[in-house]
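Everything below concerns the one structure shown next.
So that you can tell them apart, the chains are marked A, B, C and D in the order they are listed, and the count of residues begins at 1 in each.
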Amino acid sequence: MKKLINDPDNVISDALQGIAAAHPDRIKVDHENRIIYRTDGPREGKVGLVSGGGSGHEPLHGGFVGVGMLDAACAGEMFTSPVPDQMMAATKAVDGGVGVLHIVKNYTGDVLNFEMAAELAEAEAGTEVRSVVTDDDVAVQDSLFTAGRRGVGVTVLLEKIVGAAAEDGATLDECFNLATRVNEQGATMGMALTSCTVPAAGKPTFELADDEMEIGIGIHGEPGRETKKLAPAKDIAAMLTEPVVSDLGLAEGDTVIAMMNGMGGTPLIELYVMYNEVAALLDAAGIKVERNLVGNYITSLEMAGCSLTLLKVDDEMLRHWDAPVNTPGLRWGV
Amino acid sequence: MAALSAFQAWMSDFAEVIGQNAEHLTDLDRAIGDGDHGSNMTRGTSKTAALAEAEEFDNSAAYLKKVGMTLVSNVGGASGPLFGTFFLRLGGALGDAEDIDAATFGKALHAGVGGVLARGKAEVGDKTMFDAWSPALEAYDAAVTDGGDLQAALQAAVDGAKQGRDATVDLVARKGRASYLGERSKGHQDPGATSTVLLLESALRTLA
Amino acid sequence: MKKLINDPDNVISDALQGIAAAHPDRIKVDHENRIIYRTDGPREGKVGLVSGGGSGHEPLHGGFVGVGMLDAACAGEMFTSPVPDQMMAATKAVDGGVGVLHIVKNYTGDVLNFEMAAELAEAEAGTEVRSVVTDDDVAVQDSLFTAGRRGVGVTVLLEKIVGAAAEDGATLDECFNLATRVNEQGATMGMALTSCTVPAAGKPTFELADDEMEIGIGIHGEPGRETKKLAPAKDIAAMLTEPVVSDLGLAEGDTVIAMMNGMGGTPLIELYVMYNEVAALLDAAGIKVERNLVGNYITSLEMAGCSLTLLKVDDEMLRHWDAPVNTPGLRWGV
Amino acid sequence: MAALSAFQAWMSDFAEVIGQNAEHLTDLDRAIGDGDHGSNMTRGTSKTAALAEAEEFDNSAAYLKKVGMTLVSNVGGASGPLFGTFFLRLGGALGDAEDIDAATFGKALHAGVGGVLARGKAEVGDKTMFDAWSPALEAYDAAVTDGGDLQAALQAAVDGAKQGRDATVDLVARKGRASYLGERSKGHQDPGATSTVLLLESALRTLA
């Protein structure tokens, strides 16, 4: 295992120290509880936005704390949900008196821990908490009898859009409804060329031959739904685009935000090659990409691979998308 | 038997066993999950094992609830709230009972497993730790009905849990991370069911 | 070789298509000449800034084209200097009548090709061209009898700072002098955990054992000055920081811009771990980090590793640093 | 000999040889450079080889200048301007000479190598292509002084270039990318010196 770390056990606390050192203008870190806060919160009358999850997905979530996005992000162990104590502390700290929205990616661990935190925060501090659970990964067959789809790329877009709404004075209900709508109108599909190595485990989570790739991966280094022979970017783009488009029922004339996301070890030049193929497919289908992101936004440590997220947008979402944001991981308009 | 010290012995034994099996649990989780079950559990049990030395507890209930909260606050992942809730409910059901016998512990076990069910909402056959808990509880009850003592009942629970754990190998996961793999989850043993067996074996060694 | 590409021969043209598709609001691409231009140039009376170099370093240089930074970037083949035709075309296109500054990284290939281009542009179009050659890599011993140090990380900071000055109306001489000062006051040191694979070559440029790292690498997948045993982040940070600090003669009370740059395959969490160690070392030495960048800015395809750049700054440089910039790779204030 | 067609044969032969040796050149460059010398050269020579078919040229000078510009415009890297300048100057020096003999070509060769020197500013011993060009030129001159014809002179140049190329192995690079490696550049043959030998061998096959 080759990593720029000191000790597998200290990666997260060391990184949080680094984040605190790098961005004191925008964020502050509660190192004991491993929570990243924006420096200027809480604001009376503003809905607080709390997210969090396992570490190893940087910039998600800590890199999205700041004006126009999250108020707090809880950092769990590598690929492991944070614990309720963290979410509770964050929830109380960002409460501006009008409630707090939890943005939770749909993994059993995250859901259960956020659930306990919400119960405890309401019981202990009377904070009104609502939770939106993102479940946009079309690689996973949804059914009443399963844990459902995973929360992946849409989480980034949701944090931006709902973050802008909250900044703008939306109520907790409005934030929740908008978040729900974003989650419903967004979908993601991912793939990997290589596995990643969790520092504490010391070896790759799965093995892939030199001519193989995994299709339908999540963001925790878990194997995907299918191992396939390596294919040209054009074919991979089709394998990602088609299920997303069909899941969302996108049709000619629809407008979307597209995110071509790198898994952490993919060079930007390859993400642009992939974006080009995806853009061509969408163009051919008459689907208009209104805005896009190309880069590493929700990653799996050093995994090589990418995911495509499409979000069907309306004017309200676009307005919130374009609103100023100032976080370490996403910034414009300010 | 003095319940509090027995429960403390349980937690100390369990911490040791988890330490020894951490890599195995992580390997199981790497196959169908995210390769952290061993480290998740270790993070929790190293803390729960230390509780007895750091603090005085009035009774078993207080101790076990603290164990539960400690697991919740340190394990994270799916297993943290599940094992945590198990102990919170277990402690809640024991109250200030000073001695434990098959019946007292059985009642508490029902409460604890009920907690796992309420939190995780898994059914038997979903390929989760509940696949070990559920037959363990049934076997425990059957042993008690047959007039078995705590030793016999816990032995039955261990056997039931092992059967349940082994049965997870052939199952397609429908809950937890492994469910994302669909058919590919077949052929692998569930990590959480495996640690459940370890917990019950440890109970058999220390409580009976 | 595992890459998200169609054909090793088409990586660059495919990526340029993707860049054009992703950022039509800010840049336009001349695909024939492989030049990325900002959409709103040239501006009469504004000094034109042209850079370029081998591809595989994205976002450098194409990702730094836009308001407040470059006017044009020429994309060469992978790790290979562009050819004079490209620089000539770019130079003519961005000429606002007051001259063009070439920003050239010090590699024989880049220097020779830009040199030919400047000669030809002056001869053919009468465009006044000045060139600044960045040579900030302290891993390379400088001497009159060598090709000199490589141009690496400082190039990013220079393009931002001089880009702001040009936007602000600085003359060609002023731009050249500022650029020279930035180059003189900046230094970089890099390291790699893995090699990268040039698509056309199909195999890693160098081999490294599982417990080895390269210290003193450049950005072209070339081996470094020294192969060492893998070390903790803290020790690596010292190996990068000390030579940079001593090269610049930084002393207590000095202020710098620091860039902890990823080589393409390094996860962000590791860059923050590294930044933390570097920040601690600088802090202990009484050197104040006024601004910083942590992320992938000048990369070597999918190489895992990082480089540290320090630039000793004065108020003028800081003012230009803080000025608005709107490029695909760097954005703030707008 | 009709110079123009000979030069065209030279370029077509050279393109073939570069194609055959591309991987070898790239391997050499991978050891002490950035692993692209083979593809750089191929990109250029595949274009120069096609020139003769696409266009009519008035004379050798026009053709060779076009070859130079084509290399400059397509090779990139260090070798593009260097080989490009070589041909630009070679062509410039030939003017509209219809026949080439040892003396004519020697004069042009001096101009070409002078171009490599003026562009690259390398000295003998810097471990660059100039380490092949310089002894080649000396040997060529010596052969002409000894009364040798074009064949003999080119044969001498090839031998000189080979010696120079082989000598690069033990040198520490002081120019080009390899210089970044310092002492580590020792023990490897310079890629550009290697392609220079190929170019002269090709000249011997086609011009004499």
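A few remarks follow.
As a convention for this text, contacts are C-beta pairs under 8 Å (C-beta built on N, C-alpha and C of every residue); 3 or more make two chains touch, one makes a residue touch a chain.
Because the structure is a prediction, the values reported are computed rather than measured.
Note on connectivity: the fewest steps through touching chains from subunit B to subunit D is 3. Between subunit A and subunit D, the least number of touching-chain steps is 2. Centres computed as Cα averages put subunit B at a distance of 55 Å from subunit C. Spacing of subunit A relative to subunit C, judged by their CA centroids, is 29 angstrom. For the pair subunit A and subunit B, the distance between mean C-alpha positions equals 32 Å. None of the residues of subunit A touches two or more other chains.
Residue positions of subunit D in touch with at least two other chains are not found.
If touching chains are joined by edges, the resulting network of the protein chains shown is an open path. Remark: the chains found to touch one another pair up as A-B, A-C, C-D. Every residue of subunit A that touches subunit B in the complex is listed here, in rising order: 54, 76-85, 107-109, 112-113, 115-116, 137, 139-141, 145-147, 150, 198, 200-201, 205-206, 218, 220-223, 225. Contacts from subunit A toward subunit C in the complex involve residues 2-7, 11-12, 14-19, 21-22, 55-56, 58-59, 63, 193-194, 210, 213, 230, 232-234, 236, 260, 264-277, 279-280, 292, 294, 296, 299, 301-302, 304-306, 328, 331-334.
Considering their complex, residues 26, 30, 33-36, 39-40, 43, 72-82, 119-120, 126, 174-177, 179-182, 184 of subunit B touch subunit A.
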